[in-house]
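Listed next: structures, encoded as structure tokens.
In what follows, chain A forms one complex with chain B and a second complex with chain C.
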Partner chain A sequence: MKSKVTALAISAALVAPSAFAQEMTIVSWGGSYSKSQQLAYHEPYTAKTGITIINDDSSAEAVAKIRAMNEAGNVTWDVVDVVASDAMRLCDEGLAEELDHDAVLAAAPDGTSATEDFGDLIVSDCFVPQIVYSTTFGYRTDMVGDTPPSSICDVFDLEKYPGKRSLQKRPIDNMEWALYCDGVAKEDIYDVLGTPEGVERGLAKLDTIKDSVVWWTAGAETPQLLADGEVVMGSTFNGRLFSAIAEQGQPIGMLWDMQSFDLDGWIIPAGLSDERKQRALEYLFFATDTQRLADQAKYISYGPARKSSAPLVGKHASLGIDMAPHMPTDPANAGNVHIYDYEWWADNRDDLDAKFQAWLAK
Partner chain B sequence: MSDTTQSGPVLAADGTPLKRSLNRALRLQKMRALALIAPLLLFVLLTFIIPIGQMLFRSVENDIVATTLPRTVVALQSWDAASGVAPDEAVYTALAADLHDAAKAKTHTRVGSRLNYETPGISSLFRKAGRKAKKWDVEADGPFKEQFIKIAKGWGDPDVWRTIQTYSPKYTNGYFLNAADMQKGADGAEIRPESERIYITLFKRTLIMSLIITGSCIVLAYPVAWILANLPAAKANLLMILVLLPFWTSLLVRTSAWKVMLQQQGVINDVLVWLGLVADDARLVMINNQLGTIIAMTHILLPFMILPMYSVMQTIQPTYLRAAKSMGATNWTAFWRVYFPLSVPGIGAGSILVFILSIGYYITPELVGGTKGVFISNRIAFHISSSLNWGLAAALGSILLAVVLILYWAYDKIVGIDNVKLG
Partner chain C sequence: MAALTPISRKPMSLVLPTIAAAGGFLGIFVGASNGSTLMGLVIGAVVVAALGLFFIGVLKNEQLSKWISIVLVAVAGFVLGGIPGFILGAIFGWFFHWFTYWLYEGRYRARLLPYLTPGQVLWHYSFLVICGAIFVFLITPILVVMPLSFNAQDFFTFTPEMLRFDPEGYSLKHYRDFFTNNEWQRSFKNSLLIAPIATVISVSLGTLAAIGLSQSHVPGRRAIMAILISPMIVPLIISATGMFFFYSDIGNWLEGTLGLPKTFVGYVKVVLAHAVLGIPFVIITVTATLVGFDRSLTRAAANMGANPVTTFFRVQMPLILPGVISGGLFAFITSFDEVVVVLFIGSASQKTLPWQMFTGLREQISPTILAVATILVVISIALLTTVELLRRRSERLRGMSPS
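Let's turn to the complex of A and B:
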């Protein structure tokens, strides 16, 4: 009897560490976005390798938490989903692992290398792009009369479209839209914004609608404000508007003009043991190949970051509607897009944010 | 000592001088008491005082520049920032050597983002130069001045060099200056241009609104606490649950509920329009402004005011009021001269609790405060979790802590801290 117990204890001791090694923690945004990753990446990966994936919905605070973990010398995350600008910051701070994209990522089915397949979406050495999303406007179809808004500048037109609009409480995107509608050509926006007069000009344009703006900080706010009829139009992430329109049937229309493209993707935090880093890389290799990226688009209306994935995008998994027309990257929607300059914002974000906040408080 | 020489030492039963044996007994007692509280002391020290101290220390710490660019810092000492021209080749050579090492260790971008807080654009200068410097052979590839300026024009800008020079000491008051809407200019500290001033406004607003919230909590909580204290126990317990129920509900849920109530298409406005008190096109704006923050936070903090008031009022004997009335006092006099002074310690305790809690609130103001109803803590949270400027966050936090301590001291002087009771 005693020997049996000892044997059990020994086998438990032997099994425990290896069982622990078969787990990895993946950090993402939660909600329907995490669900789409669970279905498209995590479940197939667990089925293939037996590695259990633990989800942590902390992406919103990821930058600060990774820094704190790094300082404490105990990084508990294996792969983290962040927006491109956060990836750049983490890379700058030495908090994310630099990657050799061609060496660690799968090539496209036709043999095109990963760097070429992702193209210039690889905005940082630490960043593996996953989706292209956009910050764009939705409007209440029943509150805009017979001529729905068709240009971004309709947001600034209080006479044609009276009522409140919701904008994100940060300078990024808003400043560019303001300058564009103040007559600055698209290619000159950052040159103008780089000067103190340009900043004032952008803020002055925003001033014209300041009293009619509801400022949001969480992506769920605008769909809610639209559903309640609190605002006539508002900016948010296109996937949020898609679910309000297609899944909840709200009377909301999309305004794609000057939608602001942004990227979301993976980083591996710096300071992992070799074994864990290897495991994280194996996951990335699997989860960012052409088919997997196309699969995610079955569950959420964000465009896959690989060029080779685009033709594989099919129908929504439960609604059965064609997903391509709802993608920000669809030619019909991407007629006039705004691509924001990561490098420029990395340099000027702190400065502009101070000015923007001072303006808000006035 | 003097009595030992005069009349000989008083001895204890075992022959040692009484004084010594008494001292030993006292010391033992003190040690035992210390041993008893040691776990708590250690716990507070490890989980509270040290982390907070470390965090506050970041507000002056600045050794990253000197550690990452040691040679440049030394070479820059002889450069005169007022000259208006970029430094000479020696400095660039030192920078090339420093960057070569830093880029290998991947620390160059860290300095870049540190200095970028002070002068926008520096972060990309370091990023771009680091990429090149990694491949340089510092001995052979010079001179470097032109190469640097070729990489990015900013390297020839005296302003960039002035920033590096200003922030080369291991300690800086730069974060505190920034937190007070000031900056280090060419000739010492100066006020920031008006378009960048924000923190003083936010500090003032935080204090004023916290006072208003505390005031409205007192007004609303006093009658509730009085009713609770004067009802029979069974009914009081039932009412107490009504007070505590929101206390146990998630903060986010309660804040979101206020959104539903207060927004322009919300419950209150709908009722007012239905009653005809408000025109449909002139619905009241009660949220995304200071009013929204005050209403939501008063509601959320109300239990913190009711509970101490209630526990103090429970100890006030109803006989005192009867005695006062039997001596001919009116209801008002009996309340104002007898009951109210006895209940002041409860008001004091509740006010301190509510005021200090509200000064550090950020979730509720962020959600319902719009632009004019946000607090200083919202900026602290922003710098901690989003801009990663922990030095500035620490400076703002230190100032907030100092303000609270000063107010606490003032409260002690005016009202007296002995006059505060939780029950």
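Let's turn to the complex of A and C:
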């Protein structure tokens, strides 16, 4: 009896102060991307509500961790930043909350509803789009001679641009680029890739540069390799290249041809208590309104997902340069764009991953 | 040390090939960084052999040839690699000169026993070189980190400015980032909170277990010992997976039934998990010191009226303290360095320093990690020095000579 009373007294003493300091855990990708969210979303939100936000840079293993947490009945995350394909997987498995976008998100300042403002970027019922980013190439300006690469196929041209190149260690994008440079028309890429011969053809094209490829898994690797001059060119997320070029002053140029568009956004994991879910929704309402999305573009060169945010994109917060020309969505950069097909990859990912890994090991 | 063996000059047929080999070896590195490894090898061997021949055969003046060697190679280094090349060149030049005369005059034989065969002499020096190489391989990765942490850029790269020793290339900004960035500060505080508490728990429980298991009348001692040590043997990732589900249930119960706050429960889980990982180290070190502990001392204490608790703290504990302390150090380092278990069990509010370094390395290759590594190395050296000084002091006070 006595021990029970003591336990209650201790717990009361511990609960009391914690009632004032509310915390929520937001999961994201880390690095300069998390920093931009910190400055554009988290800090204003904490100032407004007094809720402390803790960053967990675990988005890379979000799907596996949410599964494990769900199984253990102990979901410690409140809002999670994931790429669209992960959001679709989590939604299909019932691990993310389905949302009624018009009811939980802010309308645009002119009254346009959220669903219309985001348009077809809402690729899943669980997904609140945040940014459009692209996987594209950067090259060392001092290592390519007088004619910098201007076409994606220059990546496969070892005679014109000898030296190492870094590519992401996965079939997505690489297979499409390989087929495109092997002469497949852009609109036929997924039809060709759907056949066993098409896969062979893509891998055969990659084979021509295999000995010169450094494979990367983390977005920070290509900027580091370029800064070291270990590779002539390499693919990575466009925001990383922007920060290496504009903020670090590295001799790197952008190759936007056939950049691969992708989406990144928020989900709320399933299984939160009503109180925590409510708090997560309030955060999302705040962090995805028109002004906040435009604010984020002050810190990193990713395009805001709302149409209404685009005109509000201004200058870089500390460098004072115009951000619009560095956005993957800028007309000058988006002349030839590769739209990555979620549905197709959702169906074929496992199969192609296996073939790609087998090819890598050869 | 005085010379053990009288020395005599050696023939050029021994000296020249040896110094040429050494020159060729260093030439490989110079050549590799300037385009052609083979050229470096050949040029290095020829240049060093020619210099040796010139010094010994023509100049015959050790002091003069020393300075000629230093200046010549330093200038060559400057031409190839600027100021760093100049410094390295001067060192190489000094080394070649010293090496040449060391061989030629037979000085290498002076400090060895007179009856050693040439094979044994060769082995003696090969052994020293191997030891030196092992030392270099252990230390270099740590030393390389330190200058890089002062990089003015956000990359793990020696920039041209850094190599020119230009102050522009250096900056303290990564240290500033560590001390002002909330995430780094939070994880640093978490590590400083979790590791000591986990250490105290492991040391108390581990010492008790070791003392209990050292009693001969405990049944199944070996089996119990094996179970207690298992966290050290089972692969960490497996323990971590099991712990994740185990502590999730405990955490849910603490939060749900007792109503404890989430953050507090999170700390409890991580501290307990780290304590479990630390216990085997304490058990092993304390068991080892208990082997040398004289049991008749406890009987003597009991004979003089001390109860078991007094006996433990006044008689046994001071004698096994070295084992307890080194076990405690291991337990502390286990918790302070641990990344797998905390990734599984902790949530972001329990993020520790290794966790932050791990994600930092994966998501953003930031030299802040190197700055933190440098700080940790400095702290470790300071801690070990303090412990060593305290140990010597206490031995001096107890009238023993420091060993």
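In this section, the second predicted complex is superposed on the first by the 343 of 362 C-alpha atoms of A that agree within 3 Å, B and C clash if a C-alpha of one lies under 4 Å from a C-alpha of the other, contacts with A are read in each partner's own complex, and residues count from 1 in each chain.
Please note the rule applied: a contact is a pair of C-beta atoms (placed from the backbone, for glycine too) under 8 Å apart; a residue touches a chain by one contact, two chains touch by 3 or more.
This one's a predicted model, so the numbers in the text were calculated from it and none came from an experiment.
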Judging by the criteria at the top, classify the pair chain B and chain C on chain A as clash or fit. clash
With the two structures laid over each other on chain A, which partner does A:D351 touch: chain B (first), chain C (second), both, or neither? first
Counting only touches as set out at the top, which of chain B and chain C does A:I54 meet: first, second, both, neither? second
A:D228 in the overlay: touching chain B, chain C, both, or neither? Say first, second, both or neither. both
On the A-aligned overlay, A:A64 touches which partner chain: chain B = first, chain C = second, or both, or neither? first
Thinking of the overlay built on chain A, is A:D100 touched by chain B (first), by chain C (second), by both, or by neither? neither
Once the structures are superposed on A, label A:E43 by its partner contacts, choosing first (chain B), second (chain C), both or neither. neither
Which superposed partner A:D188 touches (first chain B, second chain C, both, neither): neither
Who does A:D92 touch here: chain B (first), chain C (second), both, or neither? first
Chain A positions touched by chain B in one structure and by chain C in the second: 60, 228
Per the contact definition, I'd like the list of chain B residues that touch chain A in the complex. 106-107, 109-110, 112-113, 116-117, 120-124, 127, 194-198, 201-202, 263-266, 288, 366-367, 370-372, 379, 384-390
Please name which positions on chain A make contact with chain C in the complex. 7, 11, 14-15, 18, 23, 25, 27, 29-32, 34, 54-58, 60, 68, 71-74, 76-77, 218-221, 223-224, 227-228, 247-248
Residue set of chain A touching chain B in the complex reads 60-61, 63-64, 67, 89, 91-94, 98, 164, 169, 199-200, 214-215, 217, 228-230, 343, 346-355, 357-361
Seen from chain C, its contact residues with chain A in the complex are 153-157, 183, 186, 244-245, 248-249, 251-252, 258-264, 266, 347-349, 351, 359-360, 362-366
